[in-house]
Structure formats: C-alpha cells, structure tokens
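Alright, structures below, take your time with them.
Consider the two complexes below, in which chain A is the common component and chain B and chain C are the respective partners.
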Partner chain A sequence: MKLNVDGLLVYFPYDYIYPEQFSYMLELKRALDAKGHCLLEMPSGTGKTTTLLSLIVAYMKAHPLDLTKLVYCSRTVPEIEKVMEELRKLMNYYEKEMGMEQNILGLALSSRKNLCIHPSVSKEREGKVVDGRCYSLTASFVRARHAADDAVPICEFYEGFDAHGKEFPLPPGVYNLDDLKEYGQMKRWCPYFLARHTITHANIVVYSYHYLLDPKIAEVVSKEISKTSVVVFDEAHNIDNVCIDSMSVKITKRLLDKCSNSITILETTISNMKENDSKRLEKEYKRLVEGLRDATIARETDMALVNPVLPSEILEEAVPGTIRTAEHFVAFLKRVVEYIKTRLRVQHVVQESPAGFLRDIHTKVCIDRKPLRFSAERLASLIRTLEISDLTDFSPLVTVSHFATLVSTYTKGFTIIIEPFEDRAPTVSNPILYFSCLDSSIAIKPVFNRFQTVVITSGTLSPLDMYPKILDFHPVIMTSFTMTLARPCILPMIVSKGNDQVAMSSRYETREDTAVIRNYGNLLVEVAAAVPDGIVCFFTSYLYLETIVSSWYDQGIIDQLQRHKLLFIETQDAAETSLALINYIKACDNGRGAVLLSVARGKVSEGIDFDHHLGRAVLMFGIPYVYTQSRILRARLEYLRDQFQIKENDFLTFDAMRHAAQCLGRCMRGKTDYGIMILADKRFSRADKRSKLPKWIQEHLKDTNCNLSTEECVQICKRWLRQMAQPFSREDQLGISLLTLEQLQSEEMQKKIQQRAQGV
Partner chain B sequence: MDDYQTCPKCKTTKYRNPAMVLMVNACGHALCESCVELLFAKGSGACPECKCPLRRNNFRVQLFEDPAVDKEVDIRKRILKEFNKRQEDFPTLREYNDYLEEVETIIFNLVFDIDPTNTNKMIDNYKKENKDITQKNRNRQSQEEMELEELLEAEKAQQSEKANLYVNAELEEKKQKHKAREKLIDELMFSDADAKSIVASHVQATAALAKEQPKAAAQPSSGVVKSSKFSSGIQIGLRGQHTNSFLPIPKQEDLPLYRYTAPVFDYDGPPPPPIEKLGKLNYFANIRAANIAERAGGYTEAMSCCRALQEALGGLFYSPQLTHKTAVLATNSSTQDTDDMETT
Partner chain C sequence: MADEDETKEYRWESGYEKTWEAIKEDDDGLLESNVADLVARAKRKRAALKDTGAIQLGMMRHLFVVVDASACMFLQDLKPTRFLCVLKLLEVFVHEFFDLNPISQLGILTTKMKRSEQITVLAGNQKKHIEALQQLKDLSCEGEPSLQNSLERAMNGLKNMPAYSSREILVLFGSLTTCDPGDIQKTIKSLKDNNIRVSIIGLAAEVRICQEIAKKTGGTYNVLIDDHHLKELILNQVQPPAVAGSMEASLVKMGFPGGSPIVNDGTSDSSADHAPAYCLCHIESETSSLMGPNGYNCPQCGSRYCELPVECKQCGLTLVSAPHLARSYHHLFPIKPFIERAQVRETTHCFACAKLFVEAETNVYECENCNQIVCLDCDLFIRETLHTCPGCASDPVTAQMKTN
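Here is the complex of A and B:
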C-alpha cells in the first residue's frame, strides 16, 4: 500500500500495516529530517526491518541529494539474509507499482569465508585461514611474481575482477550473498572484492556491525562511505559491548610464545633477503625515511593487515628513526615481547593505566612512546616488504603490535589488568594481560561524527536514557513503541515466593539454599504440567544452572519434570547446544513438548527465536547480573561512575534488565504469537527493576501479578491459556492491531497515532 | 615457561631447583647463582661460553627470558645515557630521526659485535662533540616524560579524591535513609494523624530525596580541579585543554537585565539648543548650506553646526570641582549627545 507519512509517499509492500509501524515511520522521518541520531525501541515481531527499509528507501527517492545511502548493520549472517529478503520484497513492490526497473542497488557484504568461490580456498572452514589463503593468492607481489613465473598460483576470479570488474558496475537490483556468488560465478569475478568495490556506489549496504565499529576493519571497508548516509544498527541492545570488544586486546602467555617464534621467522627472512635481494629492503627504508605513507596502501588486496584508528597526524608523520631499518624493528619487537613476558610473570593481580605502562616500559627496556605508536603500521609495512604470503602465523605478532599502538595512543578510557590465574582455578598459573577499553564511546564516536543520521534500534533498548550516556551522543529522537494487540498476547508475571512462602531469589546469600532451589523446581514442574508445547528457562550463569540441576536430581524434581516434558540443557559447547536445540524443536513439533534449560547471555538467549509452539512460556530464574567480581567489569564501572556519573548499581541493574528483557522477548515473535513470561525472583517487583523493563512488557505487567506464589501463578496461567487457545483470525485483529489503508487514514486512527507519538 | 630455564653450566633446571636464579653479565650468557659463586670465587674470570673476561660483581639477575635481551637493554641504557639529545635539539624532524637511527645502529653493532673499533670511535667522537648538550639534557625531562608524569599525577590525585568522595556520599546516603525510616516509625507511633497520609508523605519525601541525589553525585566531579597551572594561570605542559573531554555546561547568570537610563548633567550655563531648533534659532546662518549631492549622502547642516557648537561650548562642561572621572563621563556623554543629534 501507499502511505502518506508526514508528507512523504511511502511504498509499503504489504496490504496491512500495524499502527506502531506507522508511528515508527513518523519518528524515523523526523530524525531524518533533522539529520540527527535516534534511538527507537519497538517490540520484536512487529516488522521493524520492513518499516525501516520502506521509509528510508522512500526518503532516498524523494530527497536523492540529502540522503544517498543506507548502511544497515546487523549481527549475524542469517539476520543479514532476512534483511535482504525484506528489501527484495520491497523492490518487487516498487517495480509492480511503478511498472519499471528501479535504479536502486542493494547488496550484502560478509567475510571472505562466506563469499569465496575459489574451488579450493572456499573449502576451508575457518575464517582466518580463508583470509590468509586469499591473501597468498591475491597480494600484489604474488601477482607480480606470477607475471614473471607462471608456476606461482593466483586466483583466477580476482584476476577476472581486476581486469574487467572495476569498469562495469553491478547492475541495479538486490544481491544477497548467494546472488553475489552466482553473479561472480557467471562472470568469473571474485564476489568478495566485487562487493567491496561496489560498496562505494551501492544505495543500500547490509553488513555486520564490525565493518563499521571495529576500527581495524572500518578503516579498510567503510572508509569511503559518504557523510550523507543513514546508518542503522539493528538489534543494537548490545552495541556498547561490541564497541568495547573491538578496542580491547587480550594477551596470553601462549600468544607471546608464538610471537617469539614469528620474530625468529622474521629475522631469518630478513637476513635471507639481505643476501639475495637487498634492494627491496632499501626501497622500503627509503620510503620510510621520506615519511610517505605507503603508496601501495591503495592496493586493496594488501589490506589483510590493518591498523587500529590513529589520529591522522600521526599517520602523516615519518616513522621514527629507532624502528626505521628492518633489523632494528625486529629487535624492537623482541624487546616489547620480552618485556610483556616479564610483566606476565606476576604473582598477584596488577592493574595500571596506560600512562603507568608507558613509563614502566621506558624505564625497563628504554622504549619511547613514539615508536610504540608506530609499531602496527611498521609491522604491516615490513610484512609487505618481506612478501610473506602466509599471514596466519603472524596474527599473534599483529595482536601485540596493535596492543602497542593502542596503549601508546590512548591514555584515557583504557586500563591494563594482568591476572596471574583465573579466579576459578587459582592454583593453575595462566597469566593473561587484558588491555581493556572502558569507554564504549571511543569506538563509535567516528560513526556518530561522520554520518548525518545513526539509527539505533532493537526490541529491547529500555531504559532508553542509558544508551546516550554510555555511547556519549545526543539523539534527536528517543522513543519506545508498544505493541497494539487485539488480545493480551503476553502474560508477564513476577513470582516471588513458593507455595511454602519462602522467598525466591538468586541472591548470592540464598543461592545455595535448598528451599529456594526446591521452590524453583516446583515452579517449573507445575508450569510444565499446565503449559503445552515448549518451555524455555533461563538461568543467570552456567555455574548456577549446573548446581541447580544437580540438586534437582537429588530432590527428584527432574523425574517429575520428565513425566510431563522432555528436558534439554544448553552447555558451553556450541555443537552440543545446537544438537540440543534441534531435538528440542523436534520434540515441540511432534507435540511431545519439551523444556530447554539455558543461560541468559548464552547463545540461546541471543538470536534464537522461539515463536509459537516453540516457546509458550519463558521462565527467568533470578536476575542475570554479570559476574561482578571480574576486574574488567569493576574497572569499567569505576570509569562510568567517574566520567559519566552513572552509579555502579544503576549500570548493573540496567545490564541485568536488558538481558532479562532479551530473554523474555524470545517467546514473542509476532502478533498471532502468545507466551507466558515468568520472572522468578523477588527482586523483580522492586520499582527500580520493574521500571527498566521495556514498555511493551511493562504495559501488561499488572500490579496484581507482581507478587505471586507458585500456586497463584499456575492458576493465572491456566485461565489465560484457555482464553488464548481460542481460534484467532486476521479479522479479529483488523482495525485494532492491523490496519488497512482506509482504516489507517480514518480520522480516529490518526488521532490515536498522534496521541501515541506524543505520549512517549 | 620458567620451568624450562636451565643453567648451561651445571644443567640445573628451575623445575628441579625452584630456588635457582640465573644471572647474566655483560656478554649476555646466563649462569646460575651457584655456578657464579664457584667460577668467580676470585672475583673475576672468563665466561665459560665465550671466554670473555668478566667480573663477579657485574653479574645481575636475569630479567628476561632471553639473556640476549638482557644484554641489549644493558648496553642500551649505557649508550642512552650519553646519547640523550631531544627532538628540540634538532632543526627538523628528519635530522632527529636520522640521529635516532644512528644511535640504534651503534647499539645494534655493540650487541652483535659488528665492527667494534669503528663503533667505539664513533661513540668517543660523539662524546667529545656533544659534552654540553649531554650534560644539559641529563638534568631535564623530555616533554613526553613530563606529559606522562603529569598524567600519572592527575590520575593519582583523582583516585584518592574520588575514593573519599564516594565513600562519604554513600555513608551520607545510608544515614539519611536510616533517619527517614526512624522518623517514619516515630511518626506512626506517636502522631495522631492518619497512618496512610503519613506513609504517603514519607514516600513523597524519599522520592524528592532520590531526585536530589543524582545532582549531588554529579557535583563532585566538577569540583575536581587539576593542579596543572602556575599561580599566574598559565597551563603547565601542552595538555590541559585536551584532557577535559567534556564541555562545561554554559552557565546562565541570573543578573537583572541592563536598562539604559539617560545620564543627567548639570551644566554651568545655559542648556544646549536641541537639534530640531537649530534652524529656527538661526544657527545655520553661519554655515554653508548643504548641496543636493551632500544631502544624498546623509549630510545636513545640523551636523557641522553641532560640531561647531560642541567645540565652542565644550569648555562649559569643565568645572574644577568635578572629579576626573565624572568629567570624562561628561565629555563622553556629550559626544553621545552629538551622536544622537547626527542620527536625527
């Protein structure tokens, strides 16, 4: 249908629209008009993706000069594919309505692993290996060698692309990963480089967060995206952690040992080269003396090794004299590695600031800050000069050089923590150096600064005001939408006590209490008896899950549970978990019913949907606080408190509640879906926790359902399930939670939408 | 790792004898402590590996896993004591970088014993040529070091201050909560008012308190002042402006708005004729009439007339009783008067 959103003609590829989708468009349009950033929360299953796409594409068509590009960032490959499907639907609708081909080019980009069509390289299963092998076939010096000697293997697809692909742009259309591969096969061009080349002139780019947030990758891939783009971060409730991870480095003892090995390799290669072909080293040396940034840097295939963000003035300066010649640089690296090794030889935990580290490295091994800052750049240059084609061996050394560069570049917002052993195994020596980023705004700042509109959206972003604080930006629009429902589809309840009136809580003090564990077990058994099909349970940690399950065995609760449903348990092993998931789905599909025990923050809680019969009830046992004794977390909390005036407790609660909400949202994937959400912890009923749940859950959480016992909870469940099990058709929804064009345009509905938009 | 360390002489390993300590000397070959004592009982001797003469009191505990690095760092420290020129001592960055490379080459040569005669000559030459600079630089810190020092100091200061602040704030909060609760109970016990209203007012009071709290928490950070200034207010070091990543909130001063009041002058004479009346009073008789071109530019006879009048009568403003300040004020305002006239 064609909509009029605040004066903008929007083609919407479906016959019906949800009222909240329309409000979402209104808010999004305002943000685009204002050229500002926005935060939008809308429950999952209400068609965020299609709403976003149809509005932004319409906006691009209407204002081709103001908005030239949409960069859509998603988390996983399946999610990227979903977005491409929606986009294809939208483009087909445009074509049908307008009767001609649309001049819009949309494409998905992923790693080489997902895009490679080289017959042998694409067989590799590990991403790093594919990257390394690709580099060994496409690096400029390999190709130069091939020109001299035909025996040197190269990639015919890359050659094809390089010879012809650059002149012929990809014809307009929508290309997902498979389409790209197919097109590449047909033309005999490399799809990966084709996609990377096409990014600059495509209208819609869909890729993973890392291509934009990880400074090491963004520098290469996303450098040339123009300012007049809109960037969308979907499922962005975890964005701050992604930012932090992208800037943090972890160095273990083993990694350092590997570094020593690669340094020896470097040494021998250099001495070999000196004997045979000293010209190349001289050439590199001259270039470094002149202070030219690598001329070859434009050659895209050489970008397998990249640098963390540096202020550009550093990049323009000449490499300091101390590390100019290859031998000196290798000796320098050796000293750095040896120094870090001595630092790892500690008996107790050490925490220090980058400034302290720099001073110490200066006094101990006489290394100044400046050469450290250049080490990543210098190493990349050296590896290029030495024409080392197998990069996989050098990744530990690259990690260390990145660490050196980062530690000397940023003195604020980072900390160094050296732990001699893990907390769980204090007798086993396993020293690890964490260079941890504390400030999530550092990685995302360039994104906010560069693009005119950044949209951060997810099903669970509450509390909204925390994100601008921790990411340090000023949104123009910050809105949470609720779900309009024709019937009460979700039933959130807070169960605070068992039948014996003992309070249920995962508090540290009562964690081991058998009464609490038994009450949790009874709750699950009774719910399993009352609820049909699948039930998903979330625990606060793997450790907690294991202790509880073992006591349930002793108490006979597992036996009782298995009388009603099959039991599956998530473990830390990915293969095991996916097997459990497959069988869980099988059990639900054939009507046997199943219970899945999993962990908040685990794989199941992020990204796996339990729609319809797969998840009729979600139980959250306890509040999923992070492990608060972790030193990295402590340091981050301190930093947040000092820099952003966020109290420790506020942040911990915020983090716990967003994960709880994420878990609860697993069972609700659309308007015809229905599910019970049970929060089994006394502390959930407190105002500070409850108010941090997303609005669409809070709306249905009545005061009377906030302090229930197991028995009461089961009674309510039974009544509600009977009501929900009645047949439900589209006609029931129409006019309330599903609108046709006429209904949308009716005055009454417009008024309602206006009210909703203002109410938030 | 450490368990594999072996003394090359007696083949003791760290694993078998955890108390074993490896030592290194100038040549960069390791020996365990007991071997050192045995071999160098006389105070000096030859290294069992390279046979170079060593002294016993030059043995140090090996810091790094690779004794060669120990040796290098040792040489480096010695060389850098002499070669301590700074970037400020060179006209261009290029020359500084060349110098750095030269130093690096010297160290490299010494470590690997390449061309020792020439290298030593170079060092001696350098020492002779750059005596003064070396002496001078020894006593002053480089800019980079200063920066780091400053950062570290600031961190320390911040930390101690914050630790105090937050502990105090937390204590205060607890105390307040406790007080509020006691007050509520007291009221419930002794007051005659409705229990519900008491509870309601208590809830309101706590909510108000909670609102105030964030403000209080926000304040201390602004109170932290870095001592990076001289008493004259000039910043120490280069940073200062850059370290503070947060712009201060622009302060709105609530002063009353400025209001203009016409100044009152007491003239020691007749009041000056107002500009409109100049023509009527026949003042223009002595002034050349403005022609059409001049009028187009905005010039009127009144202007030059005013100026002439001001020059003629300006002396009247001067009275010896007036203080200097008011006199100045008066002259200023008189020009303002004429300005007013000109615009009319």
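Here is the complex of A and C:
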C-alpha cells in the first residue's frame, strides 16, 4: 500500500500495517530530516526491517541528493539474508506499482568464506584459511610472478573481474550472497571483489557490523562510503561490546611462542633475499623514507594486513629510522616479543595504563613510543616486500604488532591487565595479557562523525538514555515503541518466593542455599507440568548452571522434571550445544516437550529464536549480572564512572537488564506468537530493575504479577494458556493491531498514533 | 455428597477463580446489559458455528473416542477431577451421538502408562458404552499417555471399515506430553492415507503436535476454557462432519426388522418370529435371559435382537428402523440460519413461544423463508433440537414446497 508519512510517499509492500510501524516511520523520517542520529526501540516480530527499508528507500527516491546510500549493518549471515529478502519484496512492489524497472542497486557483502566460488578454495571451512589462500592467489606480486611464469597458480575469477568487471557496473537489482555467486559464476568474475568494488556505487549495502566498526576492516572496505549515507545498526543492543571487542587484544603465551617462530621465518627470508635480490629491500627502504602514505596506497588485494585506526597525521610522517631496514625491524619485533614474554612471567596480577607500559618498555628494552606506533604498518610493508603469500602463519605476529600500535597510540580509554592464572584454576599457570578497550565510543566515533544519520535499533534497547552516554553521541530522536496487540500475548511475571515462602534470588549470599535451589527446581517442575511443548531457562552463568543442576540431581528434581519433559543443557562447546538444540526442536515438534537450560549471554540467548511452540515459556533464574570480579570489567566501570559519570551500579543493572530482556524476547517473535516470561528473582520487582525492562514488556507486567509465589504463578499460567489456545484469526487483529490503508487513514487512528508519538 | 468430599479438594485449595474479571460495568455503572449481552453473544456464537450449505455429510460414522487416563487426569481444575468430569460429559456425548447419528458406531479407548487400552469395540449399542464409561470411573490414572499408540490402535480398528463411512477419532487429551515409541509423523501420514479424521480436545493448553495432527487429518483442535466450554466442545462433535475430499458414494444394504410384537397378522412364520429366543446382544453375558416375543429379527438370518440399531452378529447386516434413518435425514437439509436484526416495531412477540419482546433483548431473528420472527431462545431451540422452522411448517405453501 502507499502511505503518506508526514508528506513523504512511502511504498509499503504489504496490504496491512501495524500501527507501531507507522509511528516508527514518522520518527525515522524526522531523524532523516534533521540529519541527526537516532535510537529506536521496537519489539521483535513487528517488522522493523521492512519498515526501515521502505521508509529509507522512499526517502532516497524523494531526496536523491540529500540521501544517497543506505548502509544496513546486521549481525549474522542469516540476518543479512533476511534483510535482502525484505528488500527484494519491496523492490518487486515498487516495480509492480510504478510499472518500470527501478534504478536501485542493493547488495549484501560477507566474508570471502561465504562468497568464494574458486573450486578448491571455497571448500575450506575456516574463514582465516580461505582469506589466506585467496591472498596467495590474488596478491599483486603473485600475479606479477604469474605473468613471468605460468606455473604460478592464480585465481581465474579474480583475473576475470580485474580484466572486465571494473568497467561494467552491476546492473540495478537486489543481490543477496547467492545471487552474487551466481552472477559471478555466469560472468566468471570473483563475487567477493565484485561486491567490494560495487559498494562504492550501490544504493543499499547490507553487511556485518565489523565492516564498519572494526577499524582494521573498515579502513579497507568502508572508507569510500559517502557522507550523505544513512547507517543502520540492527539488533544493536550489544553495540558497545562489539566496539570494545574490535579494539581489544588478548595475548597468550602460546601466541607469543608462535610469534617467535614467525620471526625466525622472517629472518631467514630476509637473509635469503639479501643474497638474491637485495635491490628490493633497498627500494622498500627508500619508500619508507618518503613516508608511509604512498606505500599504503592500497593495492586492494593486499588488504589482509592493515593498521588499526591511526590518526592520519602519523601516516604522513616517515617511518622512524630505527625500524626502516628489514633486519632492524625484525630485531625490534623480537625485542618486543621477548619483552612481553618477560612481562607474562608474573606471579600476581598486574594492571597498568598504556603510559606505564610505555615507560616500562622504554627503561627495560629501550624501545621508544614512536617506532612502536609504526609497527603494524611496518610489518605489513615487510610482508609485502618479502612476498610471503601464506599469511595464516603470521596472524599471531600481526596481533602483536596491532597491540604495539594501539598501546602507543591511545593513552586514554585503555588498560593493560596481566593475569598469571585464571581465577577458577589458581594453580594452573596460564598467563594472559589483556589489552582492553574501556571506552566503546572510540571505535564508533568515526562512524558518528562521518555519516549524517546513524540509526541504532533493536528489540531491546531499554533504558534508552544509557546508549548515548556510553557511545558518546547526541541523538535527535530517542523513542521506544510498544506493541499493539489484539490479545495479551505475552505474560511477564516476577516470581519472588517458593511455595514455602523462602525468597528466591541469585544474590551471591543466597545462591548456594539449598532452599533457594530447591525452590528454583520446584518452580521449573511446576511450570513444566503446566506449559506445553518447549521451555527455555536462562541461568546467570555456566558455573551457576552446573552447581544448580548437580544439586537438582541430589534433590530428585531432575527425575521429576523428566517425567514431564526431556532436558537439554547448553554447554560451552558449540558443537555440543547445536546438537542439543537440534534434539530440543525435535522433542518439541513431536509432542514430547522439552526444557532447555542455557546461559544468559551464551549463544542461545543471543542468536536463536524460539518462536511459537519452541518457546512457550522463558524462565530467567536470577539476574544476569556480568561476572563482577573480572578485572577488565572493574577497570571499565571505573573508567565509566570517571569519564561519563555513570555509577557502577547503574551500569551493571543496565547491562544485566538488557541481557535479561534479550533472553525474555527469545520466545516472542511475532504477533500471532505467545509466550510466558517468568523472572525468578526477588530483586526484579524493585523499581530500578523493573523500570529498565523494555516498554513493551513493562506494559504487560501488572503490579499484581510482581510478587508471586510459585503456586500463584502456575495458576496464572494455566488460565492464560487456555485463553491463548482459543482460535485467533487475522480478523481478530484487524483494526486493532493490524491496519488496512483505510483504517490507517481514519481520523481516530491518526489521532491515536499522534498521541503515541507524543507520549514517548 | 459425602463421597464427593473424598475426591474433591476444598474450595480454598483450588485455583483462584476471578469470576468478577469477566464482568465489566457499562457507562451507567450497571452490569445488567453487559451480562445479557455476554450471554447472548455466547449463545449466538455456538449457533453460528454450524454452517449450512449443500455439502456431503458423512452420515454413517465410525468414531473412536480416546480418553487420556494419564497422571495429569487426576488434576482438579475440572471438578471433581478432570477424568471424572470428562467421563460424565462423555456419557452425555454418547447419548447425543446415537440420538443424532443412529446408524453410526462408536468405540472407546484409553491411554496411560505409554500404552493404549481398548475399553469397548466399535459398536452401535449405546447402553454398552455408557456402562463401560461408568465402570471406567474406578480406573486409576497414572503414567504418561501415548498419542501414537492410541492413534495406531484406533486406526487398526477403523482401517477396515467400508469406504462410504466417515472414519473419525476424537481424542480427549489432558496431558501436555506424549510418550511415543516411534515417529509420530508416519502415523499422521497413514491416518491421512486412510482418510481418518482426528479431532482433539485439549484440557490444558495448546500442544503443537495435536494442532498438527488435527490440521493434517482435517479434524479440529480446541482447548477448553472451563467445564461448560468443554461440554460445548464435546457436543460440537455430535454433528456429522462434512466429507473431506471424495468419499465413495454407494448403496448400503440395510435390514429393517419388521414385526413389532403387537402386530400379529396370523401368518404361519410369524409364530416362529415371536417364539421365545435368546437375544444375541446379551447371549455372552451371564445374566442373559430368555426373551419373550418382544424383539427384532434380522430379516436375513432371523437372529433376535432386543434393540436397534445393531449390526447383526450372525450375518453382518446393519439393522435399523425407519425412524432412525429419518432422524439422520435432517442433517442433510439443515434449516438456513435465521437473520439477526434489530427489533421491529410491528411484531411484539415471538412467533414460536409467544413471549413478549422486552427492552433488554435487542436482537430478534427472522426466518428467510417465512419471514416469521422468533426470539433468541427459540432460535437456538429450533436450530439445535427441532431442526424445522415452525413458521415454515405451519404455512401450508412453504410446507408443501419443502416436501416436494
């Protein structure tokens, strides 16, 4: 249908629209008009993606000069595919309505692993191996060597793309990963490089967060995206962690050992080259004197090694003399690695600032800050010069060089923590150096600065005001939408005590208490007896899950549970977990029913949807606070307190509640779906926790359901489940939670939507 | 009521029943209009369920009723327990079923401890089934049910029934889980292949597999809200379902045992007909006694039965009486639903019961054919019991047309 959103003609590819989708469009349009950033929360299953796409495409069509490009960042490959599907639907609708081909090019980009069509390389399973082998076939020097000697293998697809692909742009249309591969097969062009080349002139680009947030990749992939773009981060509730991870480095002892090996390889290669081809090394030396900028005019295929974010003025400078010659640089690297090795030889935990680290490295091994800064660049240059085509072996060394560059570039917002052993196993020596980013705004800052509109959206962003603080930006629009429902299809409840009136809580003091564990067990057993099909439980940590399950065995609760449903447990092993998931789904499908015990922040809580019968109930045992004893976390909390005036407790609660909300949201994937959400901890009913739940959950959380005992909870569940099982058709939704064009245009509805927009 | 106290829990032990939540005040703060509205709506909804239209109905039904007897049937959310409540309603159902479908047959299965047990075989004798149901009351409910086992068992019983009959299974399922020996999808597929329709009534919550079974086999799946709703759901199954796909139409041989005992025309074989004989239905039971001259003789083999309809044990002929067939007849020509309309000035009373229309009842119902107006209660009575419109029947012109 065609909508009028605040004066903008929007083509919406469906016959019906949810009222909140319309409100979402209104807000989004305002943000685009203001050329500012915005933060929008809308529950999952209400068609966020299609709403975003149809409004932004309409805006691009109406104002082709103000808005040229949409960059849509999603988390996983299946999610990217879903976005492309929605986009295709939208474009088909445009074509049908306007009766002509649309001049819009939409494109998905993923790693080489997902796009490679080379007959043998594409068989590799590991992303790194694919990257490495691709590099060994497409690097400029390999191709140069091929020109001289036919025996040197190259990739015919890349050659095809290089010869013809750059002149012929991709015809307009929507290309998901498979389409790209197909197109590549047809033309004999490499789909990966084709996609990367096309990014610069495509109207809509869909890819993973990392292409924009990880400075190492963003530099190469996303550098040329114009300023007049809108960037969307979908499912962005964890965006601060993604930012932090992309800037953090972890160095273990094994990694350092591998580094030493790589250095030896470098040494021998250099000495060989000196004998055979000393000119090349000289040439490199001269180039380095002239400055790095020229050296890094990227031959795009050499992208495997790039530097982390460096202020560009550094790149203009010449590489310092101490590391200009190859031997010197290798010796320098050796010194750095040895130094880190000695640092790892500690008996107690060390925490220091980058500045302290720099001072120490200067006094101990006489290394200045400046050469450290250049180490990533210099290593990249060296590897290029030496024409080493197999990069997989060098990744540890690259990690160390990144660390060296980062530690000497940023003195603020980072910390170095060296732990001689893990907290859990204090006798086993396993030294690790964490170079941890504390400030999530560092990685995302360039994005906010460069693009005119950045949209951060997810099903669970509450409390909204935290994100602008920790990401350090100023949104023009900040809105949370609720879900209009024709029937109350979520049932959130806070269960605070067992039938014996003992309070349930995962507080540190009471978590080992057998009464609490028993009450948790009884709650699960009773819920399992009353709720059909699948139930998903979340615990606060793997450790807690293990202790609880073992005491449930002793208390006989596991036996009782298995009388009603089968039991599956998530473990840290990904293969084991996916096997458990497959069987869980099977058990739900054939009516046996199943309970899945998993961990908040685990794989299950983030990526897997339990729609309809797969998740009729979600139980949250305890508040999923992050492991507060972790030194990295404590350093971050301190930093947040000092820099952004965020109280430690506020941040911890915020983080716990967003993960709790994320877990709860697993069971609700659309308006025809229904699910019970049980929060089993006394502390959830406190105002500071409750108010941090997303609005769409809070709305259904009645005061009477905030302090229930197990028995009361089960009674409510039973009644509610019977209500929900009554036939429910589209007609019941029409006019309330689902609107036709006429209904949307009716005055009454417009008024309601206006009210809602103002209410928030 | 003394014996009931033993099984029934105290009122304060049972669940919270917030009966007041269903009632809302209207603008004047009154409840009356609201309640009336609620009642009327509920009644109408039930009536609306029964569609009309020229569809082929499976009149000759073979139905297996599967009763869940697993541990969860001892729960007391239906009073006194789920199991007793279901049995009681089933008695009503069996009665109604044979009343409306006299030429059909019914069998009863239970499922518990992962197994399935046959309580009665497919038969057309309602007394036997009701007796069996009454005996079931002492059965202990334990273990888990098995949907697959009971469906397989019912399927084995139904598979060999003639193609012109409608094969159905009705499952009353209290459990939320099923413990099956194999892949239930295969069972669903063979049910489908055998044209067996499975309808399920859930007693607790929506279970996906039940939904799937019902959907794939063309049956219905409902979940109760309370015991009244359960009764409604069970009784909805009394109506013969429309035939799914193509059911083979064929002529069925039936026997009409003549010889009402009063009529005695003095012919020579009549004395043989009415000679004292054992009734074949009861011949196996200990209490069988010699029957007098009453009873029905199979016209094919001459065996004596005390009750109709029945399938002759000797020669397999279906024995019915003419009124039985006539009673099934109305399913084929249901009356058209009456039109709901606002009260009209001219008519002040119901045509059927002559009750005066009062203000509280806003809607009246009009027959499409004879344009007579009746009240809500009469509308339901006509639809559910009478199966003929009094207006049309009393009008000589329309009555004539109908018989033509």
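FYI, the second predicted complex is superposed on the first by the 756 of 760 C-alpha atoms of A that agree within 3 Å, B and C clash if a C-alpha of one lies under 4 Å from a C-alpha of the other, contacts with A are read in each partner's own complex, and residues count from 1 in each chain.
Following the convention adopted for this analysis, a residue touches a chain if its C-beta (ideal position, glycine included) is under 8 Å from a C-beta of that chain, and two chains touch if they have at least 3 such contacts.
Since the structure is predicted, the reported quantities are computational estimates derived from the model, not experimental observations.
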Q: Could you tell me whether chain B and chain C fit or clash when both sit on chain A in the superposition?
A: fit
(Q) Contacts for A:Asp559 in the overlay, against chain B (first) and chain C (second): which applies, first, second, both or neither? (A) neither
(Q) Just to be sure I read the superposition right, which of the two partners does A:Asn590 touch: chain B = first, chain C = second, or both, or neither? (A) second
**Q.** Three-chain overlay, vertex chain A: chain B-chain C angle, C-alpha, nearest 10 degrees
**A.** 150
Q.
Looking at A:Leu358, would you say it contacts chain B, chain C, both, or neither? Reply first, second, both or neither.
A. first
(Q) On the A-aligned overlay, A:Asp277 touches which partner chain: chain B = first, chain C = second, or both, or neither? (A) neither
Q) Who does A:His612 touch here: chain B (first), chain C (second), both, or neither? A) second
**Q.** Chain touching more of chain A, residue-wise (chain B, chain C)
**A.** B
Q) Between chain B and chain C, what minimal C-alpha to C-alpha distance in angstrom results from the superposition? A) 29
**Q.** On chain A, the residue positions that both chain B and chain C contact, one per complex
**A.** none
(Q) If we count contacts the way the header does, which residues on chain C are in touch with chain A in the complex? (A) 15-16, 72, 77, 144, 147, 176-180, 183-185, 202, 204-210, 222-225
(Q) Under the definition above, what is the set of chain B residues touching chain A in their complex? (A) 1-2, 63-66, 69, 72-73, 76-77, 80, 93-94, 96-105, 108, 111, 144-145, 148-149, 151-152, 155, 158, 162, 166, 214, 217-218, 221, 243, 245
Q. Residues of chain A touching chain B in their complex?
A. 253, 257, 260, 289, 291, 317-322, 324-325, 327-328, 331, 334-335, 338-339, 341-342, 345, 353, 355-356, 358-359, 362, 364-366, 368-370, 411-412, 641-643, 645, 647
Q.
Please output the residues of chain A touching chain C within their complex, sorted ascending.
A. 529-533, 563-565, 588-593, 612-613, 616, 712, 715, 718-719, 721-727
